[in-house]
Every structure is written in structure tokens, then in C-alpha cells.
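Heads up, there are several structures right after this.
Each of the next two complexes has subunit A plus one more chain, namely subunit B in the first and subunit C in the second.
Moving on, here comes the complex of A and B:
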């Protein structure tokens, strides 16, 4: 049975405990909705004319599905993820998430200030079209302060402007700009985020032309090898954060790596610890690298990768102490959507509450309850 | 000489990665011919960030040797008499990928001549050494000529190519080299070059700020190559191809191949030339030299982890002598089974390289 939620809460006094925090959900502006929020001169100069399709490394059936779940396109002809009511029904009422952390995709532009202009637009748009009282009456949307880290002063301005918004839950950066995050030019961003006690999430965002992630040995051929090796970009960012001392400079900094996969962090922790053991005398950091990971970094569960023998996956969760580092995510409305009811079954029972909601509540500083919704799926 | 273990067993020991060098630049030039001999060529060290603390292990700084691992007898004394090695696979370390492909090929040919003349054909330990022939994958016809020249040598057991490339190793320009290597029955070892090299930035985020990040990432580059080779169907079209990832990091294979399998199936229509599950292409095709930085260390699940993805049939002990990353065969985790230990210390390498070891009986 499908319940069509209305905009009237069942009873504002009835609240229900948060049991699923979804760390990766993608809202998209409807046609024409974003442009008014983009500041001049960029809006008129470079962003007024529509840009064509930029896809490289296409997911299967791209022409028809656009890398989306095909049932997530609203009937008005706009793109998947553009209708808050449809998302409420599919991701929350049917899917079963209690909180959705919204992560708009923002394109990369060759000029840092232009990338920032798009982020400025995204933030204003998200606040007015998703996090506003009309669309967030159910208090289940949380927003991301989009920032272009290649423009640190502009990024800091965005954090200052939005950090106190009651429904902005994190800062969102892209993984692709070079150099890596340990470079001192980004310190003002980490400083602003920690001063506001807000986590910094990073979603993979691809790019255009040479702003695509650039492997040291040349470019992959297909979406298959491209997406699988995308994790190495995040692995390198982690080594940069730790070896360049970012967590020593900003002990309160919290990083969330969204959709970069996660099982590789186990051997990467071993590798970093082995490097530290062998080369401590020429390194400036204070602790074992794996300790920084467990204290400062979270990973989202989607995509969940596993072998034929899923017992090995269970053992991996134990070996990596997954309850310390994972946050549930679905990736709605993308074609790679992980249903929370499917995901939770893979988690060792004693880790389920931590990964499905407790870590999320702590990371995003969420309240323990949200207004109840009639007919909503109970995940576990 | 066998290696004794704390549980009373003893096993043979094959060192699958010993790096060898010229004694000096004049020595190197003496193996080159004009017009290349007078060219400007980078030294074997000098790329990237430099190495705080130096490049060489203390154990490899020998009196009487002007460059570590340049003298076959002195090096053999360390390997065979002190470190308990039975057979050592030599991998000449060269300058990097140079812009002029003809020059790169000439530089590599000099390394091959030196290795065969000094290490495989003479000296007191010649019968304990096996060699890696260096070829230039940016000069395929030159690489095929070099391979033809040496493939019949009884102690040449593999070819060696750089990890650094401008396109990953699944791309079709490399296919003739894979076909030739498979036809010659020689595995292909891929290793990071040491000297200055014409490359893309060494990490996907550009230049790292520390040597530790550089070294942490460099071995991981094999994953770009391997996943590209699988997606391009290289192992399907060249079933005899065997690849050795000689910088280690086999522990990263498990998560990435899980991802390749899980994410990959819907992409089959884009790559119909690689119809099997990606992990099916690993056995018999993919091998690793164990790196000193590989996890998980001496923990109770080390043997279990080694079994995931069948890594225990892929990894070969290698010391990387004379590098600072000198790997110690005595540091294996105690939780490995006797069979896993056998495989890692000698059996995988003996099977891959066709090395017969008199002591190759079961170790228990």
C-alpha cells in the first residue's frame, strides 16, 4: 500500500524516534529554479545559457535512465529528485528513512569563483525550496552548505552565512579539486567548520575536461573501471589529511566521505600505520594514522560491495570496527539506491543501531525524534 | 639453504624482488652505444620529492660496493648466506619513462645486458639468480625486439615494465606486448620507476606534500591498471598473460575487486569482451610481490584475510633489497596456515617462474 503524505502533519505533538539517518540523498532544482539564486556577474556571464549534457563514463542505459532509479522521475517532466513530495513518499514513507541529508550535485567550473557562485545559488535554493517550513514541515530534510574549496575565502563566507540555519547539517565539498586537502590553503575552511562545530562531507562529483579525477597512470575506459577506482581519490585525500597534519591542526574536524565505498579503509589503515611505524622519525604527526581515521572520519554505506561469500563481509565489518566509522546511506534517487531494509540485514546485529542512526545523530547533531508519519515503513 | 621457523618447520625461500643497479654512471654508460651513450639521461635516483632518511636499507650498504646491489657476489653473500634465500628474482631498476622512446629503450637494453652478463651468466651465484628483462611499453616494436633477444635465456623468467604510464595497461596499444609475453611464457612484472620520469601527477589530487603520501599511494596505482585490464578483456583475449604487481598492496585487492564484481555486472553490455565476473580473471593471471607496508601485520585474522579473494595463491615474498622498504620473511603473521606460509615464501613463486627447488617437499 502506498500512502500519499499530505502537507498536514498527523499530529504535531506525536513524535517518533529516529531509527534511520540517510546520509546521501540527492535533490535537484526544477528547470529554472536555481538561476535566480546564482549571484551576478556569473549568472548572466557564463551560467545563463543552458549547457549541454556533459556525461562521460555513462552508467548502463544512460539515455533512458540518466543513472537514476527510473521510478523517481516526477510526472511534471522535471528531473529525478526535483519533487520534495515524491522524495518524501519514496525515500521516507516507502523506503523508511527518518532523516535524509540532502546533497545537491554541483558542477565544477574552470574558475573557482564561478564554482562558488553555483554553490551560493544551491544554498539559497535549498534553503527556500526544501528546508523551508512548507517543504520541511516534517523536519526530515537536512541540508548541506555547498562550498567550492578551490575558493577558500568564498567557502568560508558560505559557512558563516549558513552554519546557524536550523536545518543545515553539514558542509559539502567535492573530492576532485587539486591539490589534496592537507594543503594549507584549505585551513580557513577547516577552521570555519570546526568553529561552527559542523561536519564536512565530501561527495564524488566527477568534473568536466581536466577537472575529472586524473589517475597517475592515465584515464580508465568505462564507467565500470572508472567508478571502482574512484575510491583511490578518497584514499589519497585521507592520506593527505593525516600525513599533512590537518587533524593535528584542527582536532575537532569531522570528515564524512560519501559514496566513495568504504571497505578499502581497512587495508589503507594498515598501510598508513605501517608507513608510520617505519618512518615515524621523519613524520610530523602525533598518533597512529588509524586512530585519526576512527576519531575523525566517517564513511557512508552505499555502495555496499561484497564477495560471493557474504560471511567475509561480516568479518570485514568486525575487523574494521565498522560501528565506529559507518553511516547508513541510500543514494536516492540514483540507480545504485540501497534500500535500508536490504542494507541493514548485512550489518552484524550489534552494529545496526550505531550505523543506521546513532552515528548519524551524533555526526549531524540531530534531535532524537521527528514528527510521526502515518504508514511509514519501519526498517528494523 | 632453507628458512627455519619458530614452529620447528623449515621452508625454502624465494625472494621474488631484488632490485639491481649499475655500480656508477660511468659503468652504466659503458653498456650504452652511440648515439645514446652521449645523451643526457636522468640518474636512477632523483624523481619526485626525494626520500627523507635515504633510499637504502642499512643492511645493503656494503663495504666494497660502490652502489647497493651492484655487485653480484657481494649481494649474493647477503641474500643467500645471510638472509636464507634459495633463489632470487632480479629486477633492474632504471631511470624513468623518458620523453624519447628510443632513448628509454636503449637505457633499458643496457640494463638487460648488464644483468645477463654480470648476474645470470657469471659470478659464484649465477645459478641462484633469475632475471627480469626490462622493456619499454611506450615503444612496442622495440619492446618486442628486446623480448625476442632474451626470451630464450634459461635464467630470464619475466619481463619488467614501469607502473607509471600515460595510459593504463588495458588499452589496446599494449596488447601486442601481452601476446608476446604470454607466447614466451614470461610473466610481466610492473614496478614503480625510481628516477625522474615524465608522468602525470603521482596522485589523483596532484603532487603530494610528503614522501609518506607519495609512497603510500604509489603502490595503489596497480588498481587502475588491473581494473582497466579486466574491463578491456585483456585476460580474456590473452589467457596466458600473467601479471606481477611488484610494489605490493595486495591487501587493497579484496575491497576493490568486491566493488568491481558488485558494481560491474550491469556494465556487461559496455564490455562484452570481458564476460566473466571480474574476480574470475584473478586466479592464474594476477600475482603480487609482498610489500613491507602491506597489512594487516601480526594479528589473529591475518591468515583469514589472506584467504579472502584467494590472495594466498597470488602473493610472493619479495624483499625489495636494497630498498629502505626491506621486507623481512621472518615477520610473517603467526596466524598464517603452514600451507599459506609455504605459498607465500616459495611455492607461488616456484610455480609462477618454473623454479625447481630441491627442498621443495612439503614443509611438515
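Moving on, here comes the complex of A and C:
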């Protein structure tokens, strides 16, 4: 019997400048692919758990589309986002992104060690099935070190294990666990991230019971209402980071809030600056809150919210200095996908390079170029 | 798909083309013909043929890769209080699920917008599209 070796395409020796960095792309394990990477005893426990549907209502035609672009489901019957080759074609060659930052989904389990075990599994899986030479021959995938923030020693162990991986670009946490990020118990995580000079990103999630993202007035009646409350969660975590002095303790810490929307940060900066001005004498923080935001925090462009007259957006971008705080994101393969060619039109011209790629290159420590791909869409 | 490939052979724009035979496109199916920048999707809706541009005005998605189906209306007498009517007469974009009526190109999502529709004639067993 002859064994056919896997054919890996050879990357072009011609390199092309990075013009689009996509900060929010979701890979999904194929059926059975993740389990071997989850350590025991959690593997048996995790897999033995009954799994229910936590989305009560969402995208149109949800039972068919599963809140995904329907053309992103591979033909082998696995879920959207499970085939690296299909994603390469749709998100990069046709869509036009040059770098995709991959953010696997993981939910906060009520048992911290269980959450961490799933993160351990995700990291091993991502490294072997996406960031390996066979699947990342084109050098365009970047990974996230998934960590359960509610288990700080375990989170630090994951950062230590993966921070030096050539294609791991950020640490990925969740915002649901309590207390807020300003609590000193998380300091070892911020310390490890800053020591390795790696940014910490947070993406929307939903755990269960007490680890669902809880709005201040309790749970809303509908899922669409629930989706809007994610911005409140992000706003609370930003206030905690600033007023509890995390950025004073870790001046090199960089935070990325993915998919939490961003237009609300402008009035929040005004509010925090006003409180700071009035109550400065009783505060320990050293600078205006808006300065911490602009130096330490990035937001992603999807979902893009806008007034009826989209031209008014330009004023918002100018007022919030969007070129300092935004990173482009598409949310592929979700049904909320933003095509970079559509998104870039909304940005003031002098901010386009910063938001589409320069901030991304700086945030994720990317090289300026990647191997060229035949027929790839040029976004702008 | 050839229509999605900008480097593939294109048909000249602005004239009538024989694009298929009538038995080539079954009810509920589409054939994407390489006319224009994005291609033209030719549909068989329960025996009547329609043609639309393979381009969604919302964010530019490949409209004709979406699913043709009906639209849902409220019906308090059915489980779930909704029922699908006029099956296959609407196309739903694969990206964000905007729906358009194939016969008219109109959408309920944003009524002031519509998609490009093209005249179709059937002569004998041939389907002709002017696009």
C-alpha cells in the first residue's frame, strides 16, 4: 500500500504588504476534533454534559442559518467555520483580508476548572489544526490563547505555554466572571500578558446560570435585547480597569474589546472625565480616564452602528479619535459579517490605513508583509 | 462557480442571450450566467422563469448563492403562530438574510431599495434573458 502524503501548497516567495487585518474570525472544531485535546477528568465530564440551545431567538431563519452566513457551511456536513480551506477562500481570497485573528468560541462554565480545561483543549486544537504548517502555509492565520480568567493560576499557565508560539497573537478572555477585571485577583494574568507583551482580547460569550452576561436590571425578555446589553458589560469592565488602577499597575497592558460595538465609548469617556475632574482629589489614578482608553484599549468595527445619515459618522469618528482606538473586524462566518470593502467606505479617508491594518499590525505584532496569494481581492 | 470568477469568460452585456434549456433549471433551482460584473441568476419558480443580478444591495453579498423559499406570515391557528407562504418566490441573501421577491426585485427589509431584475422569455424549450 502506498501512502499518499498530504499535499501542502507552497507559499509564494513574493511577499505583499498587509492592508487588512481582521480582528474577529471564528474557527470551529469539526465533529470529534476538540475532545482529544481536553484533559481528563474534564473531557469525560464536559462531553457527558447535556447541551442545550441558549439562543431563544436570533437571526432571521435561525433554525436553518444558525446565525451564520449560509454559504460558509462546508460540504462535509460540519459547522460553519470548520474548514480552513473554505475560510481561506471566503474570508481572505474573496473577502480581501490579509490576516485573520482566529477566536474560538468557549463559554464560561460555573466550575472554573472546567472552563479552563476547555480552553486548554481549544489552544492545543487551534495550534494543531489551524496554526500548523499544513493549514497555515500562507501565514495568514493568527491564534488566540484562550484562558478562563476565573482561574488565574490556570490562565497564567496557558499564557506561559503558548505566548512564544509564532502564530499566537493575543490572549482571549470572557467578561462574564465576577468580580470585575479591576479586582487584584486577576493581576497575575495582566502581569503574564504584559511580561510577554501580548494583548488581551475579550469577545462576547454566554455561559449559563450565573455566568450568563447579566445586565444591571436583570435578564431581558428577548435575545435581541440581550445582544444589545453586551455593550453595558464592556463599559463596566472599562470603568473597573481604569478606576481600580489596573493600567497604573500595568502600564504596558493592552486590552481589545471585540464585537461589543464602540460608539458608546465617546459619551462614556466624557462621563468618566467629568467625574475625574470633580473628584480627582479622592482618586488614586494618575491621568484622565479618556487618556487610559486611548492608550490601552482597542475596539473592533463590527457591529458598526450609525445614524440615519451615515455622513454624520465622520463626526463621531473624529470626536472619538477613532484612528487611535479601532481595529477592523468582519465576524466571519456569522450572518453579521462585514465585508471589508463595505466597511472601509464608512471611514474618513485619513483614518483608513490606521483602522484597516496599521493598528492591527501594532496590536498583534505582525510583520508588514505576507506571502502573496493568486487572485486575492484588493480591498482599498 | 464561473460567474463568481472575474477572470472567467464573460458574455457581452446589454443584449438577449439564450442561457439555458427549460429542463436544465428545475423548479427551485438557479443557474448563474456570467453576464455583467457579478453574474445573473436565472430561477425557475414553479414553472415561471425569472432573472436577477447576483448582487445584494445591502453589503454586496453573492445573492444567488442564497436559498429560495417563501415568506413567513402570522397565522394564529398554526403551532408557532407563523406559516410560510408562496414557497420559492423569494431569494434570501446568504450573508445577512435580506429577502427579495424574484418577480419584482422588491424587499420588505428596506422598501426604498430593490434589486435589478431582467426580462426573461421562453421560446420553445429555450430560456432567453436580456441582460
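Remarks
Assume the second predicted complex is superposed on the first by the 361 of 380 C-alpha atoms of A that agree within 3 Å, B and C clash if a C-alpha of one lies under 4 Å from a C-alpha of the other, contacts with A are read in each partner's own complex, and residues count from 1 in each chain.
Criterion: contacts are C-beta pairs under 8 Å (C-beta built on N, C-alpha and C of every residue); 3 or more make two chains touch, one makes a residue touch a chain.
Everything numeric in this text was worked out from a predicted model, so none of it was measured.
Three-chain overlay on subunit A, with subunit B and subunit C fitting side by side and no clash. After overlaying the two complexes on the shared chain, residue contacts for A:197 are found with neither subunit B nor subunit C. In the superposed model, A:271 makes contact with subunit B only, not with subunit C. When both complexes are overlaid on chain A, the residue A:65 reaches subunit C alone and has no touch with subunit B.
When both complexes are overlaid on chain A, the residue A:307 reaches subunit B alone and has no touch with subunit C. Touch criterion met: A:341 reaches subunit C, while subunit B stays clear of it.
Panel annotation: after superposition on the shared chain A, the angle at the CA centre of subunit A between subunit B and subunit C (CA centres) reads 90 degrees, nearest 10.
Here's the short version: in the overlay, subunit B gets within 7 Å of subunit C at its closest Cα pair.
When the two complexes are laid over each other on chain A, subunit A has residues 59-60, 336 in contact with both subunit B and subunit C.
The touching residues of subunit A, counted against subunit C in their complex, run 59-61, 64-65, 69-71, 94, 335-339, 341-342, 375.
Residues 4, 7, 59-62, 65-67, 92, 94-97, 99 of subunit C touch subunit A in their complex. Residues of subunit B that touch subunit A in their complex: 52-53, 163-171, 199-213, 215-217, 220-221, 223-225, 227-228, 230-232, 249, 251-252, 254-256, 258-264, 266-267, 269-271, 279, 292-297, 301, 304-305, 308-309, 324-325. Here subunit A touches subunit B in the complex through residues 59-60, 178-183, 213-225, 227-229, 231-233, 235-237, 239-240, 243-244, 261, 263-264, 266-276, 278-279, 281-283, 303-307, 312-313, 315-316, 319, 336, going by the rule given at the top.
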